[in-house]
Amino acid sequence: MINKLHDSVDEALADIPDGATVMIGGFGQAGQPIELIDGLIRHGATDLTIVNNNAGNGEFGLALLIKSGFVRKIICSFPRQVDSQIFDERYRAGLIELEVVPQGNLAERIRAAGAGIGGFFSPTGFGTLLAEGKETRTIDGKNYVLESPIHADFSLIKAHAADPMGNLVFRKTARNFGPIMATAAKTTIVQVTDVVALGALDPENIITPGIYVNRIVQISQGATA
Amino acid sequence: MINKLHDSVDEALADIPDGATVMIGGFGQAGQPIELIDGLIRHGATDLTIVNNNAGNGEFGLALLIKSGFVRKIICSFPRQVDSQIFDERYRAGLIELEVVPQGNLAERIRAAGAGIGGFFSPTGFGTLLAEGKETRTIDGKNYVLESPIHADFSLIKAHAADPMGNLVFRKTARNFGPIMATAAKTTIVQVTDVVALGALDPENIITPGIYVNRIVQISQGATA
Amino acid sequence: MSNENPLTRAEMAQRVAADIPYGSVVNLGIGIPTSVSNYLTPEQDVILHTENGMLGMGPEAHGDEIDNDLINAGKIPVTELPGASYFHHADSFAMMRGGHLDIAVLGAFQVSAAGDLANWHTGAEDAIPAVGGAMDLAVGAKNVFVMMELTTKKGESKLVDHLTYPVTGLACVTRVYTEVAVFDIDTVSGASGTPRVTVTAMFGDTTLASLRDLTGIPLVDGTTNSPTKGIS
Amino acid sequence: MSNENPLTRAEMAQRVAADIPYGSVVNLGIGIPTSVSNYLTPEQDVILHTENGMLGMGPEAHGDEIDNDLINAGKIPVTELPGASYFHHADSFAMMRGGHLDIAVLGAFQVSAAGDLANWHTGAEDAIPAVGGAMDLAVGAKNVFVMMELTTKKGESKLVDHLTYPVTGLACVTRVYTEVAVFDIDTVSGASGTPRVTVTAMFGDTTLASLRDLTGIPLVDGTTNSPTKGIS
């Protein structure tokens, strides 16, 4: 029987190479796969391109990964926050490259990668600094910017429960980028709170079909990395 | 309290004008809103453009609508079937216009309309008769065709259950085009088997949020139009 | 411009809340716009959208209600109301971009007479750019309401002929609520080169002359009409 | 070409089924390819995708199992297996187009030496065009297996140098199963102008010479290698 469950975070992340593009789920803390990120820091792959909505909060998770110096570039919509001091410092020191993308274009570009779309015309950002140098087009009297898919080598996401085939369900607004990032990477690694038996998830309610999931690691609730 | 429930099919369809573009859900019989289609025939709006995966089966539902002569044009992926005799006859007699679209492009064009995308590059159909006259582009060594969104005035779909706000759940493969067609029309009309109280649907499991639904009509299981 | 009796921020939020039609689907931007939710009544049946994947958002969560998996766009724990639904980020922004939200209420640095919005970047050389969902909301919502003070600390009008701050979205703002007046912007005319800004309400001792003087815009007097104009 | 001991259709389906690697996600086209499912073993843990919105499709439904809301792409009632999931049409074709299916097994009118596929339209003047999901599967699946008789009723090869039927997809077919032989197509080379077709298995009294003669293609002999070549 197909079983994608791995014993440890470290084992699940072992083949992430230097220079990889890694998508990391989460919107702020909700859905952020903290234990996988901590594992990525231990793993030590360098020269990473990270895709996330933010650029880290406080002194944990993505912020710590940025602090590690392993991140060459970050693609995100909203780096600057009240508690983004780690990113802010490295950015001002010229130690990290930043691509700011409007949040909806970020989400749609990730979806496009997973859906085999070569590019799409989005109205968002037309006439702004973030569309500079991009192809534009007027379609039926409305202005659009051509946006490209964002592909990843790995996606690290957090879900609520998985079955052994990798079918996933999420919890509330922690769903956010998880389902689309799972589709856009060559290898998707998921940390989950619960692992349930095959058949225990209602087929009508599965949010991410197992086809998009390669490896599952269970992290007990309240566990520390 | 918001309540989108209507008393009758006829009342729910009353404002569909001649010349409207109407999306109709379903893949074959599964998800086909038979009672709404029968209502549309009674309603009698003419010169319709219909969007559906097929062009009717047998002598009921969409096939009957086509037989009525109210359909000027059909946009679909697979008109010719063993039991598509009504469409076949009218098509060969030059009485109905046909736009054949690869099924995935059809689905993505409907989604694009609902998602505010002005156009997208699809690899499907490149180099084929169905891409003739369309703009093409090579992106990262792969060939794509530019596809446009398909918007509708009305969508008629079938769901399993709705709450009064129009949140919907579907059943098995009857889900098919329902959720995307609901997003692509100015007005979406849904026939459902069950109406449940507000709060009875788990927010994690709602497939179509009520924002995409304008009118609900309950059709008891086993009812005839 | 001096005004001895401007609206307080709470009064502005109250005013915006009162103008939202029954059953609207609304996104309230981070910051001051969020306070509008305090003045929405249950009878209005307004449905709140949050960009991070939810319709039917309820009030801020307190005490035992707090669930770190249930937050709003400002990352503050919130609650869910009956009829709520969750969806992923691409679906959330498809909803926005596809024109399915009735109203977005946003803050602003500047709004132009053509309805252009500047609210994401000060333009300062050393500022770290961060846009979030601002550009998506600007172009996506059917109506964009801006809530802002009419003047900067230096006394310059933030309702301007042309933006001097970086653009968030062009011809997208349909109404501007300030502490001294409410302005309706006809973006359709604006897009065709003939912007039209109508003053629909004035507060305290504000006069149309003083507003014209401050903004330099040929404001149309709409205060004799009903105080709350319909939205599309 | 005469062959006294070709494979039967059932044997072809059996052969295809045996070649599908463990745990693959597979879409079986309408018609003969559907019969491949009859020969998949539980130990293979193959997951079947159906374009109308399902992964984990089980065997055809009979008697009380029949549920008109649960059908396959050929509109035949089927069953669901543990671990199944349902999704809407845009998600289903995103899965396909995005390269997430390992194998699509399709029928064909013709396949070219470059891996071009013709299976949707006879090209007849009066034919009603109908494409369904054929073009999406052709470009989307990582591997496209074709099952067809090698010759038409008139005895012409359906494996051809260049298609004469309307194209379904270019450079997409990776393997062709016929009643007399199995052909692997190197579409990467094909795309760069040097198509390479390798015969990996022959059945009955088929010879490489007879296949070269029939097809007019400079077929490479791969029958000395292991009978089942790996897939990407």
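Which chain is which? They are A, B, C and D, in the order written, and residues in each are numbered from 1.
Here is the rule we go by: contacts are C-beta pairs under 8 Å (C-beta built on N, C-alpha and C of every residue); 3 or more make two chains touch, one makes a residue touch a chain.
Bear in mind that the values here come from a model prediction, so they are computed numbers and not experimental data.
Touch-path distance (fewest steps) from chain A to chain B is 1. More C-beta pairs touch across one of A-D and B-D than the other; that pair is B-D. Chain centres here are Cα means. That of chain B falls 35 Å from that of chain C.
Separating the CA-averaged centres of chain A and chain C is a span of 30 Å.
Residue numbers of chain A whose C-beta contacts span two or more other chains: 108, 111, 115-117, 122-123, 170-172, 203-204, 207. Contact of a single residue of chain C with at least two other chains is seen at positions 80, 86-87, 94, 96-97, 140.
Looking at which chains touch one another, you get A-B, A-C, A-D, B-C, B-D.
Those residues of chain D lying in contact with chain A across their complex are 23, 25, 45, 47, 49, 55-56, 80, 82-87, 94-101, 140.
For chain B in complex with chain C, the touching residues are 1-2, 111, 113-117, 163-165, 167, 183, 198-199, 203-204, 206, 209-212.
Contacts from chain A toward chain B in the complex involve residues 108, 112, 115-123, 137, 139-140, 142, 144, 148, 169-172, 202-205, 207.
Taken in their complex, chain B has these residues touching chain D: 27-31, 53, 57, 77-81, 88, 91-92, 98, 100-105, 107-108, 110-111, 122-130, 143, 170-180, 207.
For chain D in complex with chain B, the residues that touch the partner chain are 50-54, 67-71, 75, 80, 86-90, 92-94, 96-97, 121, 126-136, 139-140, 166-170.
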